[in-house]
Structures are given as C-alpha cells and as structure tokens.
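There are two complexes below, and they share chain A, which is joined by chain B in the first and by chain C in the second.
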Partner chain A sequence: MYSLIENEVTKMIAKKRLMFVLAILVILISVFAYGQNRTLARTKAQLTQRMGITATTDWHKLAEQQLIDMKGRLDSPYMDAKSQSSLTVKMQQLQYDLDNNINPLDQSAAKFTATFMEQSIFLFLPLLIVILAADMVSGESSSGTIKLLLVRNIPRWKILLSKYLALIILEVVVIFCAFLLSALISGFFFGFGGWMAPVATGFRVLAGKLDASGVFNVPEWQFSLMVYSLAFFVAVVVGSISFMISVLVKSTAASIGIILATLIAGNFISFFLSDWTLTHYLFMVNLRLTDYLSGAVQPVDGMNMLFSVTVLIVWALVSTIVSFVYFTKKDILV
Partner chain B sequence: MQQTPVLQLKNIKKTIKGKEIIKHIDLTLYPSQIFGFLGPNGAGKTTTIRMIVGLIRPTEGSVTICGHSVSRDFVKAMSNVGCIIESPDMYKYLTGMENLLQYAAMNKTIGRQRVHDVVEMVGLQHRINDKISTYSLGMRQRLGIAQALLSRPKLLILDEPTNGLDPAGITEFRNLIRRLAYEEGMTVFVSSHLLLEIEEICDTVSIIKQGTVIKTGAVQELLHEDKIEWQLNDPQKAIALLDEHWNIKAVQLKKNTVSARLGEPSLAEINELLIKEGLELTYCSSKQNTLEDLFLGLTEGDQIV
Partner chain C sequence: MLKKTIWYSVFTVAIAGIVVLAGGFYQALKVTTESSPYQPAKVIMAQTSGSSTEAELKNTNSLQLLILGDSIAKGTGDEKGKGFSTDLPQAIKTDTPKDILVTDAGINGLESQGLLAQLQNGSLNKPLAGANFILISIGGNDLRTILSLNPQAQEDEFKIKQDSYLSNLKQVLTILRSSNPNAYIVFLGLYNPYEKTTTEEEVSLWQEWNYNTEQLIESNPKAICIPSDDLMKFNLGKYLAPDGLHPNSAGYLALSDRIRKSLGGVIAGM
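And now, the complex of A and B:
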C-alpha cells in the first residue's frame, strides 16, 4: 500500500501539478498582500486628511468616528434589510474591538494569514484542490494508462484507495504551504509579528441576528490554527467530491468543468439562502466555515457551524462511497 | 499428457448497451503455446482480451487463469498475467525507466535487476531514461512489452504487438516471443489482424468473426489444403470441365490462370483430361494456402457490426 501511494505522489509531482498549485499560491498571496497594503495605506491617509487623526497612534478616536459613520448609514432610509443586518454585525464587532482594546486597523502577518484563508476557503482553495483531484482518475482514463494499472495483481479498491490517500497527503501539503507562504510573504509587507494579538471569536446566530454575547478572545496564532484546520477539512470535502467526479467522468476537462461550475453556482445560490431552505443542504454554500469563527457570517436561521460541518461530512462520505462502489464495478472500455 | 490449462474461457458472452459484442467464445490454452487470435476490425478481439484480464465483466461465462477464476480470485489470477491492451499507453511525463519502476513497485517479486533485464530484452537500454513524450510508437510498443514481461507471467497477452515496429524490430520481437514460449514455457496470446504475423509465429490460431470463434486449429493443419494453379489458353473451358467432372469450383485468377482447391482426384488425372480436351497447358503449380486466403474466405463480405 505504501508503495502504491508513493507511486501516486510521484506521478503528481512529475505532472508538475503540485508545483503549479504552489506557484498560483505564491502569485496570489503576493498580489493580495500588496493590495491589502495599498488599501490600508490609503484608508489611513484618507482618515488622517479628513479628520486630522493619526490612524496608527490614535485609533480609538478613529474607530469611534467609524462607528458614528456606520450608525449614520444605518439610519438612511435607502438601506435594505440585508445590508442593514451585515452593517449591524460590523458595528457590533467594531464596538467589541473598541471595548476590548483591539486595534481593527492593525495589519500583521498573523492577521493576514488568517484573513487570506478566510477569503479563500469558499472558492480559491477548492479551486486549487480541484486542480489536484480532478484528473487523478479521469487523467488515467483519458490517457489509457488505467488499463495497465488495473491488470496488476492488486484489487481495484486498493488502487483507488492509494489514489485517495495520496490526494489527502497533497491536501495537507497545500494547506501547510498556503499557511507558510502567506505568513512569509505578508511578513515582508506588514512585519512578521502579531501572533499573540487577540482575535474575537465565538459569535452565534440567534433568531436571524448575530449574537455576540458568547464572544471571547483567542490569540491570533490559535485563531489561524482553527482557520487552517477548517480549511483542511474543506479541502478534504471538496477533494472527495472532485475525486468522485473524476471517477465518474472519463475526461479531465469535463471533470474540472463540472466541479468548477458547481462551485461558482454555489456563490449565486447563496443569495437565496434565507428564502429557500433546500439550498442549505448544498455543499457549496456551506464552505464558509471560517465565517462562523470570525462573525462575518450572513445570519441565516438554522445554519451554524455544526449544521455546515455535518452537511459537508455527509457529502464527503457519500462521494467517497459512490467513488469506490462505481470504480470497483465499472467496465473499463478506454 | 494432460496439463492444467493456462487460460480457459468457457462460454463467454458479453452484451454492451444492448448490443451483443461477444456471442460465444470457448478457448483453452496450454503452457508453452503461441496462440494467435485473428479477426477483422470490430470482431471482438479486444473485448475478449479485456474480459480475460478483468477490465470488463463477461455477461455470461467464466474466465480461468492457471486455475484461478478472474471474477472470484482476481489477485491470484492476475499474478500470472502480463499484457498490453490496444495501444501501449504510458505516462508521458515520466521516463521509460520511471514508468517501469511504477509497475515494478506494484509487485514485490520484481527487483531492480529484473527491470534492467527486461529493458535489455526489448532493446531499449539506450533510451530508457528519456521521457515517453519523446518516444516513437515503436519504442512505446517495446516499453509496453517490457512492462508486460516484468512479473515473469505464465500468460502473456499481446494486443496488436507489432504495430509501429520497424522490420528489424518485428524480427527481434518474433525471436523474443519464441524464446519466451519455448525456453521459459510462457503461453503467449497474440491478437492481430495482421495475418502474416500470426502465420509466422503462432502454433495455434482461432479466427473470430462477429463475436464468435469460427475456426480453431493448428496453423499447419489449417494451411494444409493445397491449391493448384494452371496456366492455360482457355480458362473458361477449364473451369467448366473441372465443375462437370469432379464438381470442383475453380476461379479465374488472371487472364490465363485458373486456380482451384483439389479434393479427391489426383492432379495427374485432371491434367490428363485437360490436355485430352485440347487445352494448351503451359504451367501448373501447387500453391500452399496462406492464412490470408483462409481468413478472407471465412470472413468475406462482412461488415463491421
């Protein structure tokens, strides 16, 4: 079994898939960090210009001013209910930061690392995983090499299991590299510190509203760890689903197309979340697990961390079972 | 001597999407035998091979390799098989050696020395560390054979093995196959639509047509029926005479050539009559039937179904 997994990893590296994924990560993290840096500098400059306060030293006043701004916007009659609720959440967080002496404008490598994954978890990270998973089986079907793989004195389920385990190993590598790369690259922009700074977590959705009563602070490193663990979980789930598609479909292009279309459709469908209960059970709308941690969630009744995790586990399990049953039974006609 | 068959197909049937691809196949192969599986395109050669190696399941019937059922005891059955199916598909992004090592890693009995040995057997030692994407079809074919030989199988299945090989390669390949069969006792199953190929190396041959084996026999026996060619001045009259006297169906081959398969009557008897009837006989020769004639005769006028 060990040598089978080794075979799969060797192929993945030789195909330069892993290198490709890591290169995308480096480029995107650099762009993201640079952009973040620019926005931050401009916000600070604007604020200083407008109100005569230095953002870095006197952020309390700034935060208070922002709160007043937001309150003003909230009173505007042109605001719809949805933006109102999300603005309320932001205000509550800002108020919390203010009360607990957390500078919301401070950027650090630690904060960036967590934010990067929070922003990636629902589309970018799945996309990277799809690049790895989508052709694990379909690639062998379209090149015809699957024939030579399945006529060895090894049962089919073992071949598939070795591929699945190799995929999990690669997922670990990708998540780990994403963490290292974002901490490293953003460090050049914002300094390498910030790992001990407190982050608020423990938000809950109660009756369609964000409830901050149970909120507590954890150090940034612990928060990042939580975020990246959730990211790994999401990677395994998306990996399992892509893996199934890869087993069911013969061509790699079709396999990547199907899973990407599904992921992107998920972003549209999340608009209907509050009105259409069935959509809660789609895996694509449950990927933003980290939002439950940071309180950035769009409050929807019945959707919480436990619900989303359960839905994702069911999806992953069903996909894996379908993959194995189908793969061990199907006629190889390529 | 009763040996255990290396390969046994019993009443194999396969229906794919409502179409009966294989209607009925029975085959038994013994050790140290080179077996030719001959048929036109679409006859079901590759489908049969896929069923032998377990890539697809027969709708009916059973496949047994060295006494192990492929469907019930896949691992044991496949321990005895090496094969190429259709085209020699390899990982293009790996080198030849890396490809072989992938397969070697899947079977504990294959050591590094064995990998080097098979590379030498197929004559690829100079290019083995190049990427497959730079290989020609013939080289990939050689690598395919190398891969099939790795585990020292008792049954070697080769689907269209000489595709893309140059003449020197074909000769080498034939010698290799003979050596494997007669020195190492391997049973070799060669499927091909190239008649010459089968005729040249196989002991036994089965001809398959539209999913059914229509003829099986030793190559020598199948080719035994002799054919006679006459060169004479009036072919039409000769054909009529042959039909009239011995009920022999002759055909005109060229302007002055008539050919027929003889049954009971001796050639001398026929020639005597032809001359007596006033025909000018210039030349008469006995031609051995080629597998091609047999094949074309059996599969004539068939459409691919």
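And now, the complex of A and C:
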C-alpha cells in the first residue's frame, strides 16, 4: 500500500501538475500582494487629503483618543451588554497596535496570508485542487495506462485508495505551499512580522443574525492556522468530489469542465437564490467556512459553521463511496 | 535518488501537515460553535453620578443636569475624558452654591431616531422627571450620512433626512415636556468640522438644517438653541480633536462656558 501511494505521488510530481499549481500560486500571490500594496498607498493618500497629514503619519494621537473614547463608552451605564465585548476586542487591538508601534492602517505578511486564503477558499483553492484531482483516474483511462495498473495482482479498491490518499497528501502540500508562499512573498512587500497581532474571532450565527457577544482576540498565527485548516478541509471535500467525477467520466477535459461549471454555478446560486432553502445543501454554497471565523458572514437563516461542515462531510463521504463502488464494479474496456 | 528525496519530504510534510491542520480545524470548530473559551476582559461599570439622582430626586439643594444625544453629548474627543458631563457642571458651579448632579445618557453615533427610542423605552424617566436642565446634542450623525453622496442625490436625501429628523425632534420635545414641563432645554447647534472640504451647496444645506432646528427649538418658551458654529469655525485647529470630528478638551470647555453664559440669568434665580 505504502509503495502504491509513493508510486502515485511520484507520478503526479513527474507529470508536472503540482509544479503547475505552485507556479499559479506564485504568480497570483505576487499580483495580489502588489495590488494590496497599491490599494494601501491610495487609501493613505485619500486619508491624508481628507484629514490632514497627521491622520496617517501621526496616528498615535488619534489611536490614543479613540481608546479614551471607547473606554468612556464602556463605562457608560447606557451601553448595552451586547456591544461591550466587541468594543473590548477593538480596544485590545488598538492597545496592541499602540504598544508595538504598528500603524493600524498598515498591512502585514500575517494579515495578508490569512486574507489571501479567506479570499481563495471558495473558488481559487478549489480550482487548484481540481487541476490535481480531475485526471487522477480519468487520465489513466484516456491514456490507456489503466490497463497496466489493473493487470497487477492488486485489488481494485487498493489501487483507488492509494490514488485517493496520494491526492490528500498533495492537498496538504498545496495548502502548505500556499501558506509558505504568501507569507514569504507578501513579506517582501509588507515586512515579515505581524504574527502576534490580535484578530477578533468567536462570532456566532444565532437565529439568522450575527452574534458578536462572545467575541475575543486570538493572535494572528493562530487565526491563520484555523483559516488554513478550514481551507484544507475544503480542499479534501472538493478533492473527493472531483475524484468521483474523475472516476465516473473517462475524459479529463470533461471531468475538469463539469466540476468547474459546478463551482462557478454555485457562486451564482448563493448570490441569487439565497432564500431557497434547498440550495443550502449544495456543497458550493458552503465553502466559505472562514467567514464564520472572521464574522464576515452574511447571516442566512439555518446556516452556521456546524451546518456547513456537516453538509460538506456528507458530500465528501457520498462522493468517496460512489467512487469506490463504481470503480470496483465497472467493466474497464480499453 | 532525487525522486526518493522528494517523496520523503512530501510524505513528511503531509503527515506533519495533517496533524497540525486537524488541530487547527478542531480549534476553528470550537471557536465558532462553543461559547467563548476566553472571557472578554472584565468590563468595569463605572458608577456615574447618574445613579445618585434617584436618591436625591427632590433635593432642593441641588440642580440636576441631564445630557442627551450623540457622541458630543457623551464627551467623545476629549483627551482628558471629561466632556460636557464634567465641564458644564464646573462652569455652572461659578454661578450657584448648589450641588450639580449629572446624568449623561449620550451614546456615540446616536441619530435622532435612536434618541426618540431611548426616551420612549422609559429607562430615562427618573432623571428626566427631576432634571432642571436638559442639554441635547443630536442630528450630526443624521446629517453626516449625506456627505458621501453626489450633489444630485445629496439634495434629495437631505430633504428626506431633514424631514424625519425634524419630526423625531418634535416628538422628543413633546416627551420631554410631558414628563418635565419646567426644565430648561438647551440644544447645541451643529458646527462644520469639515470646513476645508465642504462645497458651497453643502454649507447651505447645513445652514438650512441649523435654521430649521433653531425654529423648532425656540418655539418652546423654555428652550434655547445655542449655536456652536460661530465658536468653532475659525478655531477648528484649536478646538477639534485629532479625529477631525469631535471637539477636544479645550473645545468642550469653550462650549460649556458659552452655555453657562446663556443660562446665567436662570441659574442665579434658582
């Protein structure tokens, strides 16, 4: 089994698919980091124009003032309990910036790394995984090499399992490289620090509303870890589904086409049909797991972290079962 | 050989990665579903003098001041953390031997709709009934929302905003008067913190706003509208906080002093 997996991984690397995916990552991260850099400069210029040069360069005074104001608001007996925790979290963040002399406007490699994956998790990351997964089986069918695999005296399920595990290994590699590359490349633009800065998390969706009463700060490295872990989960789910399609369809092009169309359609559906409950059970609609973490979620009644994770797990399980049943039963005529 | 090395490094990364990512995934689930594992830093509820009003509601040796409205009522921008709730009693104190009890119910970002709701829910009934003076600062947040619009939309939106603002303010005054017919109401007019960037049209809209407010307030015999714009216009550098919107400590002192002068006649008689 071990040597089978080794064989599959080596094959994927030899086929240059992984290199291709990593090259896309390098190019896109560089472009994004450069874009972020430009946006930052423009925002600062606008602020300077509106509020005077002091707002961007001499931000200490402004931050201290904001801290005093927030403290005053916290002390007010007319402050409702709900907004207290989000205010406390904001104060902690501002205090951290002040203590460590970080301009709150500035970007850091840590912030960028987390944001990059938050933005990639619903479309870009799935695309990369599809590139890897979509021809794992169908590629063998179309090139005819599947014969060579099956004539060896190994049960079919073992062959498929080794392919599936190889895919999971490659998914870890992609996530790992995405993290490493975005931390490194953005570091050249924004400096390599920021990993200890506090980030707010702990939002919950209760009865279709975003509840910020339990909000607290975690350091940026921990936040990024959670973001990339969710991204890995999404990668496994999308990987399983494209793996299934790759088993069902013989042509690689068709298998990539099907899964891409599904992903892109999913983004439209979540946009247009958000009040149609049935769409909540589509996997494409549930990919934005990191939004639950950062509180960026558009609250939809009945959808929360547990719901989305459960839906995705069911999709992954069903796809895997279908792949295995179909692959062991089907007649292979090449 | 190279293939072997690549395979071993990939395998190690994968195993270590899966362990770490599983941990992170568990954390992420915990954070978003369980009740917060870390309690937010304990919030200390400072007892303002507001709570003492209850006991001394009918105390004839004291004057009661109720401050209502937005961030300016709250004292936002004062680097010493004082604002009207400290500065105004101190200013008035020079005219009267009596104690001055303050209830500051200002809330940052409050619009006229919010002020009306705050009064309607009844939480302020007690300080309201006992107040000798009521200071109101409201409307700035209503008006500020139209700044980002283009000139055409600005004019339409201004009419809508102003209508709802004036009707809210009218109801606020009715509530104030029905629960306390004798208090002196002091309304603080709006100043323009964006002196440098406002267009001529915006200035005229904002003047219209102030004028209509003044008409409404002054129609009430025991109410006064005190402009702040004439005090601030040429002194923005001196009186404005670093956030470019609220008054700073000197600004609040200057405004308090002005209010004290306006009220001088009635305070002496109390």
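The rule we apply is simple: the second predicted complex is superposed on the first by the 278 of 334 C-alpha atoms of A that agree within 3 Å, B and C clash if a C-alpha of one lies under 4 Å from a C-alpha of the other, contacts with A are read in each partner's own complex, and residues count from 1 in each chain.
Going forward, contacts are C-beta pairs under 8 Å (C-beta built on N, C-alpha and C of every residue); 3 or more make two chains touch, one makes a residue touch a chain.
As the structure is a computational prediction, the values presented were derived from the model and not from experiment.
Once the two structures are superposed, chain B and chain C can be ranked by residues of chain A touched, with C on top.
In the superposition on chain A, A:R73 makes contact with chain C only, while chain B stays out of contact range. Once the two complexes are laid over each other on the shared chain, residue contacts for A:V314 go to neither chain B nor chain C.
Once the two complexes are overlaid on the shared chain, A:T201 sits against chain C while remaining clear of chain B.
Contact with neither chain B nor chain C is seen for A:A41 once the two complexes are overlaid on the shared chain. Judged by the touch definition given at the top, the superposed model places A:Q222 against chain C, while chain B stays out of reach.
Of the two partner chains, chain B and chain C are each touched by A:E6.
In the superposition on the C-alpha atoms of chain A, the part of chain A touched by chain B in one complex and by chain C in the other spans residues 6, 10, 14. Remark: chain B residues 16, 50, 53-57, 74-76, 78-79, 81, 83, 85-87, 89-94, 98, 102-103, 105-107, 147, 151 touch chain A in the complex.
By the touch criterion stated above, chain A contacts chain C in their complex at residues 6, 9-10, 13-14, 50-52, 54-55, 58, 61-62, 64-66, 68-69, 71-79, 84-85, 88-89, 92, 168-169, 172-173, 175-176, 201-204, 214-216, 218, 222, 225-230, 232-233, 289, 292-293, 304-306, 309.
In the complex of the two chains, the chain C residues touching chain A come out as 3, 6-7, 10-11, 13-14, 17-18, 20-25, 27-29, 31-33, 35-41, 43-48, 50-51, 71, 74-79, 81, 83, 104-108, 118, 123, 197, 241-244.
Taken together, the chain A residues at the contact with chain B in this complex read 3-4, 6-7, 10-11, 14-16, 143-145, 147-148, 150-155, 331-333.
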